[in-house]
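Note sheet for the following structure.
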Amino acid sequence: MTDNKTMSKITLDQLNAVPAAEFTAALGDIFEHSPWVAEAASRARPFATVAALHEAMLAAIASVPEPQQLAFLCAHPELAGLQAREGQMTAASTAEQSSLGLQALPRTDTETFARLNAAYRARFGFPFIICVRHHTRDAIIARFEQRLLNESAAELATATAEIAAISRLRLVGKVTGPGLPKISGHLSTHILDTAHGRPARGVRFELHQAGPRGDGLILSAVTNHDGRTESPLIFDQPLRIGAYTLRFHIGDYFRQLGVATADPAFYDIITVSFSIAEPTGHYHVPLLVSPWGYTTYRGS
Amino acid sequence: MTDNKTMSKITLDQLNAVPAAEFTAALGDIFEHSPWVAEAASRARPFATVAALHEAMLAAIASVPEPQQLAFLCAHPELAGLQAREGQMTAASTAEQSSLGLQALPRTDTETFARLNAAYRARFGFPFIICVRHHTRDAIIARFEQRLLNESAAELATATAEIAAISRLRLVGKVTGPGLPKISGHLSTHILDTAHGRPARGVRFELHQAGPRGDGLILSAVTNHDGRTESPLIFDQPLRIGAYTLRFHIGDYFRQLGVATADPAFYDIITVSFSIAEPTGHYHVPLLVSPWGYTTYRGS
Amino acid sequence: MTDNKTMSKITLDQLNAVPAAEFTAALGDIFEHSPWVAEAASRARPFATVAALHEAMLAAIASVPEPQQLAFLCAHPELAGLQAREGQMTAASTAEQSSLGLQALPRTDTETFARLNAAYRARFGFPFIICVRHHTRDAIIARFEQRLLNESAAELATATAEIAAISRLRLVGKVTGPGLPKISGHLSTHILDTAHGRPARGVRFELHQAGPRGDGLILSAVTNHDGRTESPLIFDQPLRIGAYTLRFHIGDYFRQLGVATADPAFYDIITVSFSIAEPTGHYHVPLLVSPWGYTTYRGS
Amino acid sequence: MTDNKTMSKITLDQLNAVPAAEFTAALGDIFEHSPWVAEAASRARPFATVAALHEAMLAAIASVPEPQQLAFLCAHPELAGLQAREGQMTAASTAEQSSLGLQALPRTDTETFARLNAAYRARFGFPFIICVRHHTRDAIIARFEQRLLNESAAELATATAEIAAISRLRLVGKVTGPGLPKISGHLSTHILDTAHGRPARGVRFELHQAGPRGDGLILSAVTNHDGRTESPLIFDQPLRIGAYTLRFHIGDYFRQLGVATADPAFYDIITVSFSIAEPTGHYHVPLLVSPWGYTTYRGS
């Protein structure tokens, strides 16, 4: 569940020590086609924390004149756009967009993105930028439509915040050291059998990404003796903003216990649908269940 | 559970038809020592509804000059005061105050009331007036202490609202006809067994008035085949603002069903404590219960 | 929601009074191609209740020798079989089977039924009989597969019980009078907002038939001021055994109240999936909901 | 919350190495007035675990003839009996009994114990033995009354099991080393605010021992940012079988958040009463709460 390869990372100490050119070479592609950001940040060395390094990079962007900021935004590729289809994006963008399959969308989605990209650029004068690794495909389209209604100033701020999110993930993927920004979230579940007063062991369940473009099954698991899974359902990576569904096979569980309910059982598969809104959030979605009633909530 | 004796009531039609003196004689004691209120209202006849008659009486009070309003307030007896102890109150006030045992309080409560009455009169210049039939003894003392902190204008409005409540109850006790003001509330419960998916039948429970001066047990009952009682716990009368406790004998219930829990059982008596704030409110306090978990809420 | 046309029904009094031939003519088609059942029952007149009349008809069947009972069973049409497709069933069977669209199934289902019908007749020597109006299409197939595993004696008893159910519905559709057998069930819902302590008003929700062959949407409604619907979701008719889903638009509800939750909201549509097992059962499926947690159960 | 002083303990290694007399001297008072048990066990050395040492001691008792076993039982003091009042018990028994205040009971309890002790000895011929540190005072009396109804064989087994429990606690109090028997339980709570989707921080609550002889308040605490306490409510010691009450000050909590409910609030103090049945059990008693509803259950 992790895509952070710690072994090949460069340390903050190394970055603080190397010549500026080497620093820029190492971090030049954190911001899309804009090595000047790393170059500017190199002059603020040394950094005590990785977070401070990231802040310095963002400050470098904020300090250039508006036309250059606009050019900076325009250096970003469109989502699911021509550059993606023709393989002209940076390696980072390519990896990010393909994590959602944006380079090979079904025809209707390609058309949706084309329409939205055009409308967005016409309205704001720069491409739509969003932290792809923070969203499901459905959530991206939902946000795209919402953001098209923004005023220019609000939208500029939103685009800038998304760039901060993108670059934070890229930086943490490359650099290690003290004060790493938090980038991971947590999703877990827990099933308690309130008819027997103990964790529900051996319950099969699935986690799905929901929504019309949902990628479907994320994982299938069975609860352990504590009614949980050995590790969280998602951890050590950002959570994607979007809709999810947990499907708990409760009918099978009570049948195996020999609990006599009706035929067919009142509950077979209990479905809990919820949305994640914070990529670094802690989401615990428990189920308290008896053969004829259940409770779920956002836990902690 | 009802104290409205319909048989001996006078009808609105009769009140609309009789000479003014007879009208005043009939309703003269609705407002404490103030037959002039009825007399003034008699001139606004005929009334289409009992509620309209009540409104006319309140309007008569509102229309007199302030000194007369103050005199009107001062015509009310103190709570648990000298008049009560010496039997000098009107019949209505005597009945109301004795419904809470205010004429025969324990010594410490008598002292509390004496202290509060004195402080109140010193601050506002008129006696503390509250609709006794709308409160438990503890709730009266709590309100007394709260209201001592009010500004004069707010307190005058509060006292007037309490007089409206007192006189509404007295009027509905005397007069019958169309458009009777609502004076009754509703308190009920319901027990569902979520381990078995059916109403919990045969559960003994008690309703108590809670709080340091609580009168204790209001009723004890056993749920029927539908997990309810044949009639609500309180109905056809105003609910007293105050604290209540329901005690459900759930341990006995599951033991009788042969449901094996622990020894001693995890739940023996489940206690649900709640407060009533609206004398004419609809309060439904259900319990969803399994041997190892329960849920309660304000239902409808 | 009712398909019982009371106006044109014959009364039990009339049936008790008419000549035997007329009695037999009136009730001859209650049992498939077997007017002899009505004829036998006519000799047990008069009946005090419609239920007693039905019992007498079932007793007539039970009293004939086994070969005649087998012939009686064989007089029933196959489900979605040749007779259905060629329009050779009785009017009652035609109406019942077409209520589930069994006369015009998709090809894969036709093949499924053909395979099951053949296997069943080979195993038991008579056609598969089930009270169609008591099941969804998916439930029929599930039962069909279960019942194929029965021993002959158990299956004979099951088929007889299904015939009792079919004929009970037909009889109540034709005859009126005292002691009508209960044939209707009840499905209702109720939404309580436990963050605000009141019924959730204005919540849109849908009831769906679930399962691979589910007919989809049964109804769409909006809760009233009491968090309920004016009439139950299903009533005055038998409930179909099978799987159902309620979908509550809770995200919209809390958004309209201005309750600040996350963006996207933690809950958008809350789905409650349950099965009905008793056609004449009372099913109440409430939802207690706050912005971050909910409880559902079989109520009463 | 711990009464195990590790510093002064003897190690299992030491016990395995010392001369038999020293071993017996060290462990002679694990069993009441019966150093022969330790002596017998010394011959089974070395022990790999403390649990094995304990098993060997219990086996030594089981292997002596019945008259000697009876004498062994009779060497135990009565509960709250003459020996207790006159200071003639062993140090261990004195400490155990005084942990429940059994040496200085109110008169009515002294009489109760005297009556029960007499009835018990008359029926079984040996004193009532119970692991005092595993029970509240009320639970001891409840068990006493239950056990008086036992058959002799069952009661002998029960007394033996209680002696095993007593000696296990004494042994763990004296000896350290690998394979220590588990003697501690766990009681914790957790409050989640389902109206806001987060832990309820800053909720004051109390844990009480309940029952007519309850010692009252065990602890008072305030929930932290995670809706929990820094350490469990009880841990690192055996839980006492008996009745407990948690009282959560929920009214104050929602008032501080400015959540408008009624006046008085529907919930002021939410009381959850439960019993502990296993001294080494894991008891988690959470509260999911919104202003108008709550859920509690045995968690994990």
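Brief remarks follow.
Per-chain numbering from 1; labels A, B, C and D assigned in written order.
By our rule, a contact is a pair of C-beta atoms (placed from the backbone, for glycine too) under 8 Å apart; a residue touches a chain by one contact, two chains touch by 3 or more.
Predicted, not measured: the structure shown is a model, and the values here were computed from it.
Judged by shared residue numbers over all numbers used at their interface, chain A and chain B contact each other through mostly the same positions, with over half in common. Using CA-based centroids throughout, the chain positioned farthest away from chain A is B.
Centre-to-centre separation between chain B and chain D, using Cα means, comes to 47 Å. Between the CA-based centres of chain A and chain B the separation comes to 56 Å, rounded to the whole angstrom.
For chain D, residues that reach two or more other chains under the stated contact definition are 192, 194, 197-198, 262, 266, 288, 292-293, 295, 297-298. The touch graph of the protein chains shown is complete. Across the interface of their complex, chain A is touched by residues 190, 192, 194, 197-199, 226-227, 288, 295, 297-300 of chain D.
The touching residues of chain D, when paired with chain C in their complex, are 192-198, 261-262, 266, 288, 290-293, 295. Taken together, the chain B residues at the contact with chain D in this complex read 139, 142, 241-243, 262-271, 273-275, 277-278, 292-298.
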